[in-house]
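For reference, the structures are reproduced in the following blocks.
Shared between the two complexes below is chain A, which pairs with chain B and chain C, respectively.
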Partner chain A sequence: MANAHLPPAEPEPSLNRVDGRLKVTGAATYSAEYPFDNLAHAVLITSTIAKGRITNINAKPAEAAPGVLAVISHRNTPGVPAYPPLKQPAERAPIGTAFRVFYDELIYFSGQPVAVVVAQTLEQAQQAASLVEIDYQTETHQTDFVANRSKAAIAMNVQRNKTSPFQDYDRGDPDAMPSAEVKLEATYTIPTQHHQPLEPHAIIAVWEADDKLTVYDKNQGVKSAQGNLAQAFKLPRDNVKVNAQFIGGAFGSGIRVWPHTVAAVLAAKQVKRPVKLVLGRELMFTSVGYRPFTEQKLAIGATKTGILTAIMHEGIGQTSAYEEHLERTILATRAMYACLNVSTRYRLLNLDVNTPTWMRGPGDATGMFALESALDELAFALQLDPLELRLRNHADADPERNLPWSAKSLKECYRMGSEQFGWKNRKPEPQSMQTDGMLVGYGMASSLYGFHRHPSKAKAMMQADGSVVVQSATMDIGPGTGTAMTQIAARMLGVSPKKIRFDLGDSSLPDAPGQNGSATIPSVGSAVHDACKALKNKLLILGASMPGSILSSAWPDEIEIKNGRIYPNAESRSSVSYADILKYHKLPQVEMTEESKSGPERDQYSMYSFGCHFVEVHVSPVTGEVRVKRVVTCADVGKIINDKTARSQSIGGVVGGIGMALMEESVMDHRYGRYVTSDFASYHIPVHADIPQIEVFFVDQPDVHVNPIGAKGLGEIAIVGVAAAVANAVFHATGKRVRELPITVDKLV
Partner chain B sequence: MKPFEYVRPSTLQEAIELVATNPKAQFIAGGTNLIDLMKHNIAAPGKLVDINHLPLKKIEKRDGFLRIGALVLNSEVASHKRVLASHPLLVQALNAGASGQLRNMATVGGNLLQRTRCPYFYDRAFPCNKRIPGSGCGALGGINRMHAIFGVPEKPDPRSCIAVHPSDLSVALSALEATVWVQGPHGERQIPMNDFHRLPNNRPEQDTTLANGELITAVEIPDAVFPKHVHYLKVRDRASYAFALVSVAAALDIDQNRIKTVRLAMGGVAHKPWRLFEAEKLLTGQTVSETIFRQAAEVAMQGARAFEHNAYKLKVAPNAIVQALKLAASLS
Partner chain C sequence: MTDDKPDDPTPPDDGTFFEQSDRRLFLKQSLAVASLTLSPFPFLKTAEPDSDEAPVGNAEKVSFTLSVNGKKLRLSTDPRTTLLDLLREQLGLTGTKKGCDFGQCGACTVHVDGQRVLACLSFAVMQNGRKITTIEGLAKGDRLHPMQEAFIKHDGFQCGYCTPGQLMSAVSCLREGRANSEADIQEYMSGNLCRCGAYPNIVKAILDVKTGGQNA
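Up next, the complex of A and B:
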């Protein structure tokens, strides 16, 4: 990619959210809100034991309850066609098997869906659900990570795949660690954490015909959900429609099609009516994945002057007994700093729990907590400023792939962040700063996230009245996708954003990836760019072919388009509008669909987003309470498309990071293999009073090598490193190094 | 939630009779806790007796007392200028609890009657002696980070319960020696706040000393001698909207740097608001100093016992007592 082609932002650099009014007035329709006359309501019944088998289900009292249409379990399920035939006696699924809904009597985790009750009203379904009696035969379960740690092993997925990035990795000299001048070793633990978006997961499943299914389902990828459901129910792909236009937050919880979605589809099939199923908050802990409990060991060797000479990073992540969930935990360590000798190990521990999934900054938020905490420990041991230590080890090229970075302004982020924060006022000694009886701590951490761009399509349509419709089956789980895409289209076509409509969240639209891995702007933004560019060129050709057209002799690079009017050059006072062109050619609309994807540049450059966070905490020496007082966050993510939504996304990432650092923890009672955190009173996420002023700064320079719009992803980098910055600030305030998140009162007093 | 009957009697007498004569009937006011319990099938009343329209909504100044009707909203008390002037500790405690939305629904009587937030109580897959007497205490050998350190059994028995009472208001009322006015099928009576909630004592299903059919009509708080020197300190896992790990209500009457009278109560440490009588005794007549506060805290902590996850409370609680006393005494 020679150049970034996105014209400068004008006239509105920060377009307000195009769907903002719909959302704040309640006019936006979320998955559970689609109206159907004959809608039936489903309530899931989930297992109360962690491992064993169902020995009896007495559904009779429930079936006799008022309004009940069906009680469906493995005994009477209409069945998922893609599941293999049952074996007698039932056998446990081998590792690598996605969970099968109502398949047999076996229990794999506490909270597993074992039956669904469908009734005329929600209240009737809830009451009937309480009447279903289920008997279990329990088997000994293992849910305790610490007690089972020694069973962790290389994932089978990795054993089979010699090119897996999770293979044991060693670069450089194995003797570098033992011979290092300064050595440091520490273990860091992340508890299980749940996404817990405010909107719970919900679905309405509608069988339009025996072979036609429509679902209004909260998910992060309508196309992948469509493919997944088509495969499961053996339907032609086009016979499955998935709609997820508005999403009330997800953070990764909607990347997969989860069992409750399949349960609702089965229920709708059974009762031959549209069926709605909304997860209660307690079911959100066992139904849609989570950030896995992860233990990491970091060993660092360095010179006395703070040059990293060796890093060993080992990570063990928790997964279910039936599936392997791998995440990037140890991968960032290979690319982050200029260290010649690096080894990583990654292991999985299968437990009797449901399968984890990606949660904002998956793996990297976990891994960078460990790496960036360890660097802070090293800085303290060397009596070196933590920022200076990072500058001394700045990687000018990717040390893992030996490639130049496509762009990297991390040093500029460090400079901006430290200046804005006032890092120079930090006294190096822990416990050396106080105000009003509170211990004051300054901490910082770096951040990085790999660049992801997936093949994406977009269709751009110019209408006869000069308005524009752009479509792509992309998603908006909150960042403001429609707004950013509208802005890209407006800039490319020279049309006011008010005249542009962007459609998303519908599987019948042109192919696009789900919203994850910070890939939407880089992927879909490029497709919108390309489609609008192609549309503009087509319209310019059509315009030039009009008799006596002012465009016929115009130089393409001199043409200016403003408010839908095309001027042959900047000085020209005569113009022709898009609407004029369509009118002359008697066209109701002109449309172009383009596919956009990466090319050979992926092998020429190493592509990442970079950033850093600076945090001030106050810690009460009396009670041990930690409050974050100030955050400055900086990111280098290439070109910023919409400053306002980007800023908002960064703030959200920091809020998530504060939650991760100080309060989020799903606690399990291992005697029962069951969570005791089952609501927002016991699983804490930050409230407004926990969130201070958060200042956001962007480098905002296009990365000319990554894609035509010069923009990289922001969603993940916003959270990666935040927890370490908070933990480092707590250490600076108190002199206590907490290596086990979250940092709560009991760990500080 | 199970189907239930809903009635709205027009008089106090009628309401009391409806509940007194039907073991499955229950009063409902703000419903901020009861509705949750019903959704989880922890409470399954056959009949809900809605008392929201009964005339128990006044805040009155009486001779020597402040009287707050049982149906006065938490937010009304918290924003009442005369209450703020005469009983600031109440306002501080109320504002430390729940969220603005909940305080707008929750009543004073209901606040006293809210049930524990112990997770074992809320999940029917776990044993819980408070929910099903004799089923065992899940928290005792389980996750007990939030649980009691006072009034707990020395030797666990099959009826043990180590849950804590979640109310902030009750802690302040306990410190202020409030009286709970109740009306029942056999007439009216007054219960001193410290006798209103009870320790589990093998009947953890019983949170209070209210008899069947008795309804709280008001709380009366003696005119305080301590409007100046009070503090409600709440230690919690986040800045707002979290139950207390430990809380302290401190009220002092100080004359020329000497403590004439003192009241201390703690929340988050027992099955009831925990009055610190011994510490009060020690402080009375003493000169204000951090040293004497520290001694009082040590006395207050005698008899505390920790479980696997709540030993930190043994450290946080005395610190919190000292801090609350210092802030109340404006001693920096």
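Up next, the complex of A and C:
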């Protein structure tokens, strides 16, 4: 079946990263690292109050400091042309307004950018920033989710949109829950968590002319950033260039154009020089979004034999006072298991904080923590094996849309995972397994993630020397986009990966979506496939038209291409190379650009990726310390393009999930509405010593209905369900059910 | 195998310093004002004598010498400049990364006189006379250091941002005799954070170099 979609030859199944050498030698250039002779440095000043207004800014001491070029605030900003005229007195922006940089004196959250200092050197800018005096008039702020929970409401966005998936949802019999044989109800809480990629967000903004802007900006979508900046500064789209070739991780924090980017562009305009602005680690907590604090109530009804008869899932997510951020929190519950009677509710709570954003596995990582923890609780209540409970409720078709799955090998994932892990050795009773004085727990959870494919273009170019350049304005925040695309092109064209260059991260390249929602391989991979296929066909026609060509009588199905040489069939000893064809036709280059997008199959099939995780934890009965000892993770994401990088991506998802489960929590001091976790000493992410070897298994069968390459994308599903698997393992080890992440020692002793 | 050639004290001290190199214009400009003698720590000037604020920083530049990746440099910088910012902002050696600027992430790990050091926690001028090796100095010309090869082979990174620091730490970890087991490596590499979660692959890479398997 795979052969119908990809040529059989796999040049190098585990091609090393094409940019590996650049990354290990320090030669990969990230956003803050482009050299400019005339570069000025900017440092942001942010509000120290959570709500109120600025009453005075004394910038004089800073302006007089050595090397200072400008101190810019709402009082002297060159202005963002797209912002509406100021009102007097200033009025709070209605909900649904993207934050406006240096717009007026109003403060919406602690850490809001209120001024930027630009100086000749970084040291001068940092020093001068400490000299800016800002007076505020404070108003009472509300940042505490728990204290304000009762104010949560249906998002205005949802109220206006009757077809929104976040509308209240009910299917089946409303009496199913009250009449269920076994009932269970619990509340699960996820604290605010931050992406905290190792590379802080950074930008160099360069005004090439009054109407021409170039930015080297850390983001996950050069095309969307280009459109956004063009709109904000009222420039023709092509006059804005966005470059982001290397991105030091993002996990969702780079999906939007954030205020600091606009601040740097304004600063560069004001000082008429290239300006670099790098967020300090502390500002990474208030500047680029976060996974929102979310409270979920799960009620499950089942038969005594473990058949789900009713599920009620309610979620409340946190958002800012000026924007609504909605997540898929409750949506997975509608599709995951074969349950006839399901209700979901989703509410938002506006607080005086900055706006959250998508973080790896957005919504689903949150929602599946609750659903998969609740399933584990149900299994325990029924004295049923947790895996068996899931098998009994396996959904053979999408119960929400009443459509067949495009492909689903979840049972195969369960089988592979449980065998590799040794799940059969699990003793059912909590606290029943021990080793070396440590409590041993086995836990598992399912995962799923919806399939996303967006229209994408790619250009493939055959050069006179037989080398290939493929281009698309896609991104690589870490998964290895260029490597996978090179491999797709190599397979299609029959050219060695070494002779292929893939260009990305540049807004002047053919249109592609940003890197999010696990959509890059499905979308851009399809475009690269189609462009290379078109290029190959064009070259074969050109080859066949050469006088006496060995290709003129070849059957297209029998043609074999290896290392850039075309053989009429597998037995043939004579061949013609791509370079020969271009040489004969006196062509310096042959190129094809193709756009690839979904068709009617989206309405015929329900498209998801599925998987599962098995986790062993050891818990100290004395200190409550939890150590993850072993993880087996399985995923069915269709065809795997590059096994090596895919494995790394899965490992990364598991590591993120372990962080989510055991350590990550952004803590706010609500007296000031300010995070007390402001660095890596207070916001803990896993380190080497926290992470064991992780075993990864893929079903690796193409999903023939989703796209021409049969691949569904992996980034998100890798983390979905991991936190639940860890929590379930902790329960098995200790008998303590922790429903409030992270699972820290205080909750276990 | 972990011999770090660039640490060898054989810099050409012919007085030309950067003239024969490809350093950037702004660096040359900053060198042009360098004092040729080492001066003691400067005092901070007050820019606004009538201000009662804390002294406003107009730090006089301080001259000092460094050997960076085998090249001896005579430098002059703001005394507030960290070793990390000197490398990244003035010497164009951006391979050393700024992850947190607080000594918590390890992305800025370099070797100072052969020891791993966090470049963000050290002022540049404090390194006077010392030998610095950065990620740019790890390979011998086109020949990658075995640890670099092993990171590629085992896919010991994704985004690549923590990678230079991981590599510099990994090389030191071996040198320090702390790479004798998986647990050992995990412990002695725990100062280097990786948000992509490449840890298991990094550990495999280090073990591979330890056992010499990277050439197999």
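Here, the second predicted complex is superposed on the first by the 743 of 749 C-alpha atoms of A that agree within 3 Å, B and C clash if a C-alpha of one lies under 4 Å from a C-alpha of the other, contacts with A are read in each partner's own complex, and residues count from 1 in each chain.
The rule we apply is simple: contacts are C-beta pairs under 8 Å (C-beta built on N, C-alpha and C of every residue); 3 or more make two chains touch, one makes a residue touch a chain.
If you're wondering where the values come from, they're calculated on a predicted model, not measured in any experiment.
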- Message: Touch test for A:Val687: chain B only (first), chain C only (second), both, or neither?
- Response: both
- Applying the touch criterion given at the start, work out whether A:Glu123 contacts chain B, chain C, both or neither, answering first, second, both or neither. both
- Query: In the superposed model, does chain B or chain C contact more residues of chain A?
  - Reply: C
- Task: Go through the superposed model and pick first if A:Leu540 touches only chain B, second if only chain C, both, or neither.
- Result: neither
- Query: Looking at the overlay, what does A:Ala407 touch: chain B (first), chain C (second), both, or neither?
  - Reply: neither
- Could you look at A:Pro35 and tell me whether it touches chain B, chain C, both or neither (first, second, both, neither)? second
- Message: With both complexes overlaid on chain A, does A:Met663 touch chain B (first), chain C (second), both or neither?
- Response: first
- Please work out whether A:Tyr672 is in contact with chain B alone, chain C alone, both, or neither, and reply first, second, both or neither. first
- Message: A:Ala711 in the overlay: touching chain B, chain C, both, or neither? Say first, second, both or neither.
- Response: neither
- Query: So which bits of chain A does chain B touch that chain C touches too?
  - Reply: 123, 126-127, 679, 681, 686-689
- Touching residues on chain A, where the partner in the complex is chain B: 48, 110, 123, 126-127, 130, 282, 437, 622-625, 627, 662-663, 667, 669, 671-672, 674, 676-679, 681-682, 684, 686-690, 744-746, 749
- Which residues, counting only chain B, touch chain A once they are in their complex? 1-3, 41, 99, 117, 119-120, 122-126, 138, 141-143, 145, 235-243, 245-246, 309, 311-312, 315-316, 319-320, 322-323, 332
- Provide the residue numbers of chain A that touch chain C in the complex, in ascending order. 16-17, 19-30, 32-33, 35, 37, 39, 61, 64-66, 121-124, 126-127, 131, 195-200, 246-251, 278, 280-281, 477-480, 644-645, 647-649, 651-656, 679-681, 685-689, 691-694
- Task: Show which residues of chain C lie in contact with chain A when the two form their complex.
- Result: 24-26, 47-48, 51, 53, 56-59, 78, 80-81, 85, 88-89, 92-102, 104-105, 107, 134-136, 138-139, 144, 148, 151-153, 155, 157-164, 167, 182, 185-187, 189-203
